[in-house]
């Protein structure tokens, strides 16, 4: 009996380790298949005509599955510590839900026909719905998961309608009959409209993002790491499938529209991120910003594809694929570090945090690495993908016509503005949570345990390595795009027409060299330096709350942009809330009219239907 | 063989008065179990030597599906009602006897309806079902229950009387060709000569039949008794009624529908069926969001699913009718699950309003998980059977070119999805408003079996069910 | 081997020149005000004094405030290594991309802001909040300027631009005046000059850059001061290299002389502006930066159309 | 006077008589008057069935004629009489639509049902009488529905429902000379049990609602 108790108590640990090994196996399998490089397709058709499970594997899906598997493995290592720190009850249920969620994501990437896609897409959404609803006691969780599942459902309905567009033209449900179609304008616009709406709702573009900032703060941290690191990439994967594999020819204005949507999402996201007062709400909005950046890359690639300028379309698509990889790395790192911080401080409000780096230096450095790559500063991976994006924006001016010469410089400067504001929000969140003195006394102050250190360490290290040696990643991306981005040796990346070239390896080496000097000099300087109270204009014992507060930090931005929005920045909540309330109110009054409860009215309705049907039967003749 | 089926019911009725409560419930459940065994045996017979059309009873691939639903769901409801009646401490001995008397007559009339193909006998048994359920609805004798049963008996018997007139018109058409007598009302005799009957007569007859059995099936403008009856009746009865009784009335409509489509006036019948289905889905989507009482909500969702079945039947194509039959089975199982879980909530917490209940995961953990699974099953989420049938309806609707109608259905479905998630997960989550309650074992077993059935069939539909449904569709006949 | 030596030489000259330029601007400003003003070498004396002093570090400080000053200094040195002074092959010429230059500078602002927040005093928070707002609003203008002339010269590598700019016959289009003005505004904003921030007074109302390094003392303060001087010189040398492409000869020594002349030419207007304009209210600064962004876009549109 | 009124004319006359009683029903102010009109109508119906037996020489009809007379003529009115004595406090019938308009509407109904049956059925075998009696049956059905619709008292609703049944039986006898035996017996049995159950329900309504006015039964609304 004792053994059973012991086993059942940490059965979830064995499960977790087993699953992480599974993911590592999948990751290695992906690499092997990628090198082999040919596509496989498997059809298992069941008894009924349209219900067939079919999967296919090609390089694009392998790239995405590699990302999901890598992050999944690290996530499960991280949860070994995190679930204990947070001591959730029903641990086995949590691990099972989480791992089936990851597997369903991998299977979504493998699907090859409409039925299997819908099956795993819905399974993925429902599992993430239950994960968001984990500690269901709080009203906030219920509201957030309600909005999340309803918006996903509407998104799936739109995706369904876009499938209809394909089905009507090709009269088949499996994706490999849809390869490079050319359709008439009505159906292309139909598919475009519904694919943008459907996948946009799941990815969180400008108008359809309401669930993102609501679902992530309430979900357990490693779940929101999975959701914003990986789940948001699924619709982007399908979007790329649609517009770069399925449909051959489409007007360039589609790409322009996606470019503008991406720019607005990026700007709107980061502006909202900078004014949030909760850690994970900021990270959620910054995922929205990064989705905006990815959509800018895709929009640009679509414009070049429709003008069939091969090398520029390859550069832009390569930039967005690279950014998808980077974002999944540093975003899950940041969510995990936010999770460990919350496990210690038991609160998400930044006004109650502060000074975490004193009692958790390792956590502090890892979050610093995450923040640096979020803001895309040189030695880290964010910089490379943004550099590629800048280059493709710059080069887009070589293309005459299609108002590109107005749109791309504007979006380039908006990209720079977003980078600036991202730096502001990164300083705000890292500074106010980790530096300075704790604003509220933190109960248990100890650094992160080994397991979470390993998992977050690997992620931080991979951010640095991808940043310093992007060449290996580019080798992978190069065979996803028609014209490979020119890479000579292991140091330098050159953009076409050798417009710009960058050797991140050398910048990285100099940065590391810089770090070593600073540590050495520190030893020398701090040997004989005096330690004294912080200078506060001579005031004695300044209260801890006198430190700068998060609202104060973001007050300038809020004041400057207040001209753009009313009070709160996220105006879409107001609009959708108003529409929903008035719709439901109308429904209520309509309900009463139809069913007043008196039997005579019902009999009247019945008599009327009888007469109408008789009349209709006469007309039908 | 079928007579054995009906016999078990009669024994059930006869045996009630002699046994007291705790012996009574097990024997009744055991009798129903015999029914299930008989159903399986009949299924084997049908597979071996094809359909059997006797004078009174028939057995073809269409009504075996219905017999299956009636017996399986009936058996599970009996199991469930053991736990339900035990939990209802306020009931006297005589009340429970009365309960079993009426529920057995209800089962008897349904099995009679389903095992005959004679339109006249069908009508009589449907009328018998109405009569046997009136006193079940007014079981609790409070004001709303009496009101619900009064509306139920008035509206349904009025509707069914109209249906009788429709059947008389068909009989009138048939008499000129093959002469009077019971055999001329048999479905299998009418089918071969269907195209010789006068077209206008058939159209008027179809109108009366549609209005008549439509009230019983809960289609849109005739559905008014449905929410009241289901919210007031004891839960096993409302489970039985919504999943089985409505499917049987759908069965009668299919029988007459196939005569009409064979007679060549398909344009009128298919389109009316389709648009009435569409109308009831839209109407249900108006009622479901923000409704006050969860049993009424489930009643409206039954109405919506009947609308979907009518919609897919109205499509007329092979996949359409196949999807509607599959949807019939899927809906019966899922709706029974939903009603059972809401019943165990009602029995433990004694309140029907959605707003008072919160934090159900803490109060009744197992029922809450079943309810959560049920909510996703009923709204057509993937691993469950309803997803398959709704996916087929979707594809066949687009194949047949009803794109805009199908978009309206999609909108209505997402509105319904919002209504379901908001009200049920509003009850499941947040701070519990009641303390932890003990759940009765007998209530949980049927729910578990139902979930296993739904998920099992959802993932893999065995071959012989597929062939069964396919030749059921052939018997009904495809449009034009 | 030759050009590595040249590269290092350029950086050494750059570091040496930076405090002199700061002293020179300070001197001009005071002379125009009619005061005598300290000698140009005064910044050198301050730095040497500060380097000898022991730093006083506050108790509740993490390792960030020990690393930050050195990271800031070295980041500025790296970005300096992109900029050619007298010969195109700087130390990191092959990787010296316009966007990399902007982001390395961003790295140094990031760490200064972190240093400001580390002591937990409200001054630091105030300084970093304002500094980050100004820096983020200045980014798009800087990007638009870089956009303009990297497209003009068909490459985004700084040393190639340097080569192309000087080899060009002297036909600098009118558009450059607007970009030059925009760059002037941005450099005023980035280097905490008068209209945006008044470093002398230690009043919360005015100081932005000073507020962050309020806690720094001794060696750390020296490092911060040196890196701010170099940052100022960075902006001036960009302007000089790209916007004044004449005065270029083959041999090195002459180039150094020309470079010093160009730098002096550009530092005079800075002193003039510092003299004539008072510090703007903080919430007027975005309008100022919007004007500079408009100028940069105007310059770009004129170039493209 | 010569009694050469042919049998069919006499059948038509009796069917028309039961239609008249149905319309009289809508004009009835008092409950017991309504019950009396209902009994008269059922008797007229049973006479029509007796006569059509001789008309079609189909002897099965006799049984159903006797059954109608027995159940509808005697048994149901007796039950209703008992109900009215025991529970109903005020005798008059509270209408939704007042009496003059309801009679007017009945006339429209009769015209409408004649319009429906006129061009739809070609009469292959018999002469016009069948078609006329079917139209009368249909109009009795619609009058029954109207009765349920327009009167508040529960008892009148039952009577409306029973008039509807009479209409259907009349339609049946005229067109198909009576349904097959088992179905006929089933129909009678159902109708009878239905009426009894409705009666018992009225008792329940009485003690829960203190009045049998169905318009007050409106708690179950959205």
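Per-chain numbering from 1; labels A, B, C and D assigned in written order.
As a convention for this text, contacts are C-beta pairs under 8 Å (C-beta built on N, C-alpha and C of every residue); 3 or more make two chains touch, one makes a residue touch a chain.
Given the structure is predicted, the values throughout are model-derived calculations rather than measurements.
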item: Separation of subunit B from subunit A in steps, with touching chains one step apart; value: 1
item: A-C or B-D - the one linked by more C-beta pairs in contact; value: A-C
item: Chain occupying the most central position, where position means C-alpha average; value: A
item: Most distant chain from subunit B, judged by the mean position of its C-alpha atoms; value: C
item: Gap in Å, rounded to a whole number, between the CA centres of subunit D and subunit B; value: 32
item: Rounded Å distance, subunit A centre to subunit C centre (Cα mean); value: 36
item: Cα-centroid distance, subunit C relative to subunit D, in whole angstrom; value: 102
item: Centre-of-Cα separation between subunit D and subunit A, whole angstrom; value: 71
item: Subunit B, residues touching no fewer than two other chains; value: 150-151, 154, 158, 162, 204, 227, 287
item: Multi-partner residues of subunit D (at least 2 other chains); value: 116, 145, 148, 157, 214, 217-220, 222
item: Touching two or more other chains - residues of subunit A; value: 588, 591, 594-595, 599, 603, 606, 614
item: Contact pairs between chains, per stated definition; value: A-B, A-C, A-D, B-D
item: List of subunit C residues in touch with subunit A within their complex; value: 54-60, 62-64, 66-67, 70-71, 74-75, 78, 92, 94-95, 97-100, 102-104, 106-107, 109-110, 113-114, 116-122, 124-126, 128-130, 132-133, 135-144, 147, 150-151, 154-157, 214-215, 218-220, 282-283, 286, 293, 297, 300, 304
item: Residues on subunit A engaged by subunit C in the complex (per definition of touch); value: 354-355, 357-358, 361, 364, 368, 372, 375-378, 383, 386-387, 390-391, 394, 397, 405, 409, 412-417, 419-421, 423-424, 426-428, 430-432, 434-437, 492, 497-504, 506-507, 510-511, 514-515, 517-519, 521-522, 525-526, 528-536, 542, 546-548, 552-557, 559-560
item: Subunit D-touching residues of subunit B, taken from the complex the two chains share; value: 118, 120-121, 123-124, 127-128, 130-131, 134-135, 138, 141-144, 146-151, 153-154, 157-158, 161-162, 164-165, 168-169, 171-172, 175-176, 180-182, 185, 198, 200-201, 204, 227-228, 231-232, 287, 291
item: Subunit D-touching residues of subunit A, taken from the complex the two chains share; value: 588, 591-592, 594-600, 603-604, 606-607, 614
item: Subunit A contact footprint on subunit D (complex, rising order); value: 96, 116, 142, 145-146, 148-150, 152, 157, 214-215, 217-222
